[in-house]
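Both of the next two complexes hold subunit A, though its partner changes from subunit B to subunit C.
Right after this comes the complex of A and B.
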């Protein structure tokens, strides 16, 4: 064995990594494409940043293709063209998201102020200076709307998913189809449905719970579909083991399948919440937009973040528009926090505490 | 230690086995007459057929399982062994499109008769699956006692039952210090023995094992086989296996299944010695000597 110990450990290397020459080539292609697109913008009627981006992408793809063709032939060139197209596509897809986040931060951070989280608007108008009044009533309203929407939609959504994966009765196919179709329902339609079914015939006024009902209609398909996917991942072995131990199907589902899927079901719930937290159309129709704190969803006008943003934009002064952007920023942060929570909870391994 | 709702037949069964000494059982085994059940109680399959949709997968299998014996079912893949074993505790009906014909008698009563409570059947005829499948949301102790919760049985001394089942499954000494940790941290072989302990906790009369070692390394396989030999004095065991040496090592009786493209059939059944040393059917001989399959 001692002879083995004498052999020196070789230095780890990566023979497949790009060499400095490769890197120089890539840099050359980028430089050439930049130059060509700039020249084209100078001599042609095309102008502006968008034109540059488009011309650069096209030039890069063509030059990259030509270089690969010269170096390694047709199939390598097609391979590199494909890689270039995919990279372009992902950049195009990400651009609006980054742009939105950037714009919201640039415009919204000026309106951030501690009083946003401690005061409401009952003494202030949207046109007042930004450091007066706040968002507290809207944050409370949004939370109430979402919590009641959750109380309604989560049990229905999860039970629907259990019907689709565990019971698998005669209506499985039509219900699966309906749930998928429902996830495409525009939010204004959900709002108008509650408006026509409850507000006009019965309450004849705005209140919070009507908004929660409309949001629940939008949440149910998200919760049901995500839960269904999660439950499908639970191995059928576990279901069989539960039943083979003399449990009824209900006990086997309640004691074995649902606990095994717990973290995934929590994710489904949070994704449903994130889906509706920023919904505006049904809220505008159904809940009103009080500027005062209201803790009762069953009566009285209930302010909310989407409504606050809508009203603030409508007021039209520089102060009110800054308020609106700050409201958007707060709403976005709440949604991002929810999604992050969903990711963290969903990534936890099943069975670990 | 008593399970309140365990019914009389189960208790009778246990006392029968305790009363009849081991020599009686071996005497009964020595008669080697599958079809006449010397001890009177047990599990008997009578003319069992099985279908999945239109596909006839199992044809006319009649086989008796002797109390306190180990019966191995061998045969190439797709010959209906697993399907057959699943008809014995009514797990067959779990697969959509499944159908069956024939009778399965447990203590003389057809488990497919109208009005039979299927959950009671599965309590008496337990099952261990091919892949170890401890419940991921439960601790080791909770896993062993899961059957009591699932079937809503009440037990006076849970700790004793826990220790007894883990002891019988040959796992107690390895896990006694971490009963309240999750079962996922165990090795594959330990997980499978945990599943055996879990199946034993509801005091089954018969234990069906569907290729219990096919996902395990040789060391773990050996431990499971020791467990099977220890259990066989108190529980009737039916084991499906692809491993012929395993069948020869653990079983008292062996049944050979084969499909010639059509539905699977039972070609031959007899004492394990006979099947492996002097099979009556040429196809059995070809299979056990490794000439095909």
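Right after this comes the complex of A and C.
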């Protein structure tokens, strides 16, 4: 027994893993490309961080290509060149995200004050010093807009998803197609539509619910498509079990499928909210941008975060632009929180209680 | 033994009627769900009807000039009323501007997105993949006003520098020429911002398509001794090609309809401008926003007509894109 225990478990070998020599080579290539690009910057008219990054990438790709070519021939060299190219692509793709988050924090945190969350702008102008006034009214407005958009769009979105996954009638294909087409409707068009359908013939003035309607149009496709994905993941055993026990389709959907997909449906809802919370164009046409707190979406101009940011940016003085960035920071924090919540819920196993 | 055979059952249960007719509750359920499902059709139809209804008078009075001329003038007569005869509404300049900006975005954004998708699908270690996918999905949720302000305050300066470089070395190509030395707030920079905005969309669609590449074919390529690039060229690219084209068109559709970011970054000038580095341009969506503020009811009708054109345009591009994407999964070699 004891002799058996002493036998070491064989470690899986990974012949493809980089050996220390490979790692040293990579380090060498990086060092060489850095050196070359620095030298080029020193002797040539090119200068700056950007030039360095570009030169470094080019130098790295060339040296890497040459080293692989010497080691294993042309196809290996092309392979490593391509690896270098796609790595560059992902770095370029992620750079703006980092830059945006960094910029928003750097420029926005200067405008953060406690009064931001306790005061509105009814007796302040955007050009006032940043510690006066706040955006409580805008937070309330955005909250109301989003809640009403949710009340309208979530039932419709989930019903659409249920139609596409549960009922599967004869319109399934066209509706799937239309929902996708709807997700491409430009936000300004949604705004114009509500303007033409409600503001011109009926209200003739701005109010919050019009904004919510426009946002709902933009939110429905997101909710419907995400819910559809989630409902597709529910194993059909569950549905069949429901029907086999004598339940009607209504009962098996309402008591089995939807509860099983609950967290996924909440994710769909949150993603929909994240999609529209910062939507600006329809808000500018439909809701007005009052600086006073307004709790009534059915009448009166309703301020909101996108509108606040827009007006503050438009005012153009350093104070107002700091306000705009602070507004963006608040908006971004809301979006990131929603997104993280959706992620956490969405990563839970579907069907688990 | 025999007794069991002769013994007849005491009662033969009455034959049950088997019907496939759904119960009332199911009929109600299906009715409600179907009507909910048809809402997308209703909404798209209503958008079309209302924009057409409001824009009809403009379209009728302007005819084809609405699409071909670049003259936008809401004339007012001496009595201060709208003068239909002397008013001209044409959106050609903005249509061309829309295409220019969107195409720049696609040309810059797509190679980056597809490369990033390839990296994430075939190269990235699990941890890096998780972080990067989250980051890129998060970027898709950034509001467009944020991209606009970022473009205006941050990208603008680098963009101007690149524009000058391009102008210096490539000014022999007509579109890179400058009629005057102004390179700020140009279609090129707006295109850069839109490129950043479509990267998350195109990346996530491409990634989805690449991840559907049949594993057996990938492994077959490796088993034959192919490098990763050889595998990509022989297996993944042919499989994903049409899907990627669809993803690109979805990106194009998104870039064409963008309002706030373009409005913020671009210097909107109502003329046809092919010089992409020059500080003048526009697109239909941002033009609508720009003119909406102080438009008379009649001009608003013209703007509705412009919105209708934009709506139909994006609908066509998106529908084509979706058709192409939908075909990928099923075909394949």
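Assume the second predicted complex is superposed on the first by the 318 of 353 C-alpha atoms of A that agree within 3 Å, B and C clash if a C-alpha of one lies under 4 Å from a C-alpha of the other, contacts with A are read in each partner's own complex, and residues count from 1 in each chain.
One rule holds for everything that comes next: contacts are C-beta pairs under 8 Å (C-beta built on N, C-alpha and C of every residue); 3 or more make two chains touch, one makes a residue touch a chain.
As the structure is a prediction and not an experimental result, all values here were calculated from the model.
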Touching partner for A:147 - first (subunit B), second (subunit C), both, neither: neither
First, second, both or neither for A:248, with subunit B first and subunit C second: both
First (subunit B), second (subunit C), both or neither touched by A:235: first
Contacts of A:35 with subunit B and subunit C, given as first, second, both or neither: neither
First (subunit B), second (subunit C), both or neither touched by A:281: second
First, second, both or neither for A:260, with subunit B first and subunit C second: first
Subunit A: partner with more touched residues, subunit B or subunit C: C
First (subunit B), second (subunit C), both or neither touched by A:185: second
Interface residues of subunit A shared between complexes with subunit B and subunit C: 248, 251
List of subunit B residues in touch with subunit A within their complex: 89, 91, 94, 96, 119-120, 122-123, 126-127, 129, 131, 133, 135-138, 146-147, 149-152, 182-184, 195, 198-199, 202
In the complex with subunit C, residue positions of subunit A that touch it: 50, 75-76, 78-79, 82-83, 85-90, 92-94, 96-97, 99-100, 103-104, 107, 155-156, 158-160, 162-164, 166-167, 169, 171, 174-175, 177-190, 192-193, 195-197, 200, 217, 220-221, 224, 248-251, 253, 271, 274-275, 277-281, 284-285, 306, 309-310, 313, 324-325, 328, 331-332, 335-336, 338-339, 343
Footprint of subunit B on subunit A - complex, ascending: 168, 235, 237-238, 240-248, 251-252, 255-256, 259-260, 262, 350-353
Residue ranges of subunit C in contact with subunit A within the complex: 22-23, 25-26, 28-30, 32-41, 43-44, 46-47, 50-51, 53-54, 111-116, 118-120, 123-124, 132, 134-139, 141-147, 149-150, 153-154, 158, 161, 196, 199, 203, 227-230, 232, 250, 253-254, 256-260, 264, 285, 288-289, 292, 300, 303-304, 307, 310-311, 314-315, 317-319, 321-323
